[in-house]
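Two complexes come next, and they have one chain in common, chain A, joined by chain B in the first and chain C in the second.
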Partner chain A sequence: MGLTKAKKDQSIKLIITKPGSFTVDANGNILSSTLPLSVPDKFIEIIIHNVLETFLTARASGLIFEEVIIQFIGLKIVAREMRGGALIHLTPLKP
Partner chain B sequence: MKTSKLDDLISQIEIYIENWKQLNHFINLARERRSAQDKKYFSPEEESQFLDVKSLLAQQLECILSYFPAETPPISREEIFNVITPLTALRSTIEINEATLRGIENQWHKIFIQLQSILGQLKVQRQKIKSKSLFSIFSKKK
Partner chain C sequence: MSDKPKILILDDEEDLLATYKDLLTNLPSKPEIYTTTNGARAVAMLDAEQFSLLITDLHMPEIDGFQVLAIVRRRFPELKILAISSVLEEQYRARAYSLGVDMCWQKPGTENEIKMFFDCIESLLEERPSEGFRGIQNKSLVDLIQLECICRNSTTLKVISGGIEGKIYILDGEIIDAEFGNLTGDIAFKKLISLKKGSFEYLPAVTERERKIFSSTDGLLLDAAQTIDETTAEDKSEVPDASETGDRTALVKPVIAMSKIDGVDFILIGELKSPQPSDSWGVDDSKNLHKWISNTVQLWRSFGDKFLCGELKDIFLYGHHCKVVLKTKENKLLCAGFKATVNNETIPNLMKDVIALWV
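Then we have the complex of A and B:
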């Protein structure tokens, strides 16, 4: 799963230095964002893909996830489900 | 408006409504903490999420309004800002007196209903376009 791929990404803590959030629709399109433009699109794409897939898989298994929290060593991701899309908060963590 | 554009707008407003609900979640959180005996304060993470929710609401509003003629916006920018602006931070929301907070909540609810109404109108519009295109397919077959 892409989640493991993201976990292995050592550059995560270097990319996010300040907290930020964004909203995505069910197709993974970003609707609004407070993240700086310096954050690479690919990094955001991995997060979107994993978050939406998690909500989708949960729903397919008959579970309703309202919120998903993924915590890495240097970064915390809080995602809230929004009609197939999501509100995603990224918070850098101090080691 | 084309169906695809209409679908995009509907999706944007649906997400906006969900985000708007998040704002209410934070207002309720502030009220809960205020009435709690031990008066728990807010973590920097909660403050940051609150600030981001407000920022996203302001940004996304502009995207939604760009779909409509500037002279006739379906919702007033000012009315939305009247809800967002007084809520500077969670720690200060705790200090807002109950009457003012209720006023903000009433305004929040008014906008919430307005957004639902706009969403309803757009869905009707989409339905009309869909039934029109279905009608044209069948009339062509004849």
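Then we have the complex of A and C:
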């Protein structure tokens, strides 16, 4: 079990090395960002989609949230809802 | 499990709920008080845990007390119910009693009324839970059937227990058939006779019913007595006595144990891709919530896998009205809802206690 976990942790790739934030509107357009240009667009695109989807589907289930924190072993995503859009903060975590 | 009686209070006025809670906690029997403003939630709580008494307001928005009574009396025939209302007209009182409430009260206003109201609650709590069927307490179904057969009556005895319905058809003092769910004949009769609690009503005799039971009444009742003995013996062997095993927590479902943690508002456990949760406590629409949790976890897991972010540990969701934590372990899901009054900073610590009971 311990070995499996260690092997799993080694497969973590830190796409971002420093914390950074960005804001998006309700349509998913980036309004401002402090992330370096080296961060892949697809990575940001999926985070935006997932964050907005999480807020929207929760609301559809009768749960209204203002903040969501998603914790992976190698990454922490904190998103605050802003009039349908969001302020998203990414922090790399060292496994 | 605690020996203290448990009272669930359903009222749409939150201020009143807080007052009831304060006052009822001081009753001599020191009951545990649970409150809710939502009828559907009350039914979910009753489903999840055994309560001694339900106190329900009759006039509420969305789902009114009468709707709650109709559901609760059918699903929990043994539960004591006290109906209250600010205006109690005779027609409402009659309707509430016809739905099987034990007592009906106008919300107490004066000090004397409050004292009487609490005396009445205490006496309801002190009443020993009686086996037998509502309407003729302390009489078993066997007694009722025997009475009908001795009197050579023709009737249909409708029995309702725990949301399941059955019928025993009696013609000229002879049992000709029985039905219980999809079962008929002797098997249905045996199932019905092994019920310990429920409610019954007499329906007109059905003369054209095809006879499926041919044994004599005495023979059937003797068999019934044996079935009851066997059921009682099974019950005793299946449910270990906590005092014998010394392990009280083993008897408590994880969701119930988790619900006792301070600040916990609701709990749901399940598995990814399963259409239904395995268990829940305090959730109105557990199927819908389970679906949302499952989808959300899969959405983020798939992101984590794609970009090698490592295992998804937790998802914390904070709102003004509710705070929720989603936790996964392989295919297992845990969703804990916390009360809006709980500080966000204390939630991770509370969550550790919840997880300890989950794993």
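In this text, the second predicted complex is superposed on the first by the 82 of 95 C-alpha atoms of A that agree within 3 Å, B and C clash if a C-alpha of one lies under 4 Å from a C-alpha of the other, contacts with A are read in each partner's own complex, and residues count from 1 in each chain.
We adopt the following convention: a residue touches a chain if its C-beta (ideal position, glycine included) is under 8 Å from a C-beta of that chain, and two chains touch if they have at least 3 such contacts.
No experiment lies behind these values; they were computed from the predicted model shown.
Novice: For the three-chain model obtained by superposing on chain A, do chain B and chain C clash or fit?
Specialist: fit
Novice: Applying the document's definition of touch, where does A:Phe43 land relative to chain B and chain C: first, second, both, or neither?
Specialist: second
Novice: Which partner chains sit in contact with A:Gly85 here, chain B, chain C, both or neither? Use first/second/both/neither.
Specialist: first
Novice: By the touch definition at the top of the document, which applies to A:Gly28: first (chain B), second (chain C), both, or neither?
Specialist: Once the two structures are laid over each other on A, A:Gly28 reaches no partner at all.
Novice: Looking only at chain A, is it chain B or chain C that touches more of its residues?
Specialist: C
Novice: Could you say whether A:Gly20 touches chain B, chain C, both of them, or neither, answering first, second, both or neither?
Specialist: Only chain B is touched by A:Gly20; chain C is not.
Novice: I want to verify one number: the closest Cα approach of chain B to chain C after the superposition, in Å.
Specialist: Superposed model gives a least chain B-chain C C-alpha distance of 12 Å.
Novice: Could you list, by residue number, the parts of chain B that touch chain A in their complex?
Specialist: Listed in rising order, the residues are 11-12, 14-15, 18-19, 22, 45, 48-49, 52-53, 55-56, 59-60, 63.
Novice: Chain C touches which residues of chain A in the complex?
Specialist: By the definition above, chain A touches chain C via 8-9, 11-13, 15, 43, 46-47, 50, 53-54, 57-58, 60-75, 95.
Novice: Could you please specify the touching residues of chain C with respect to chain A in the complex?
Specialist: 285, 288-289, 291-292, 295-296, 299-300, 303-304, 306-322, 324
Novice: With touch defined as at the start, can you tell me which chain A residues reach chain B in the complex?
Specialist: Residue positions touching the partner: 19-23, 25-26, 31-34, 76, 78, 80, 82-83, 85, 87, 89, 91.
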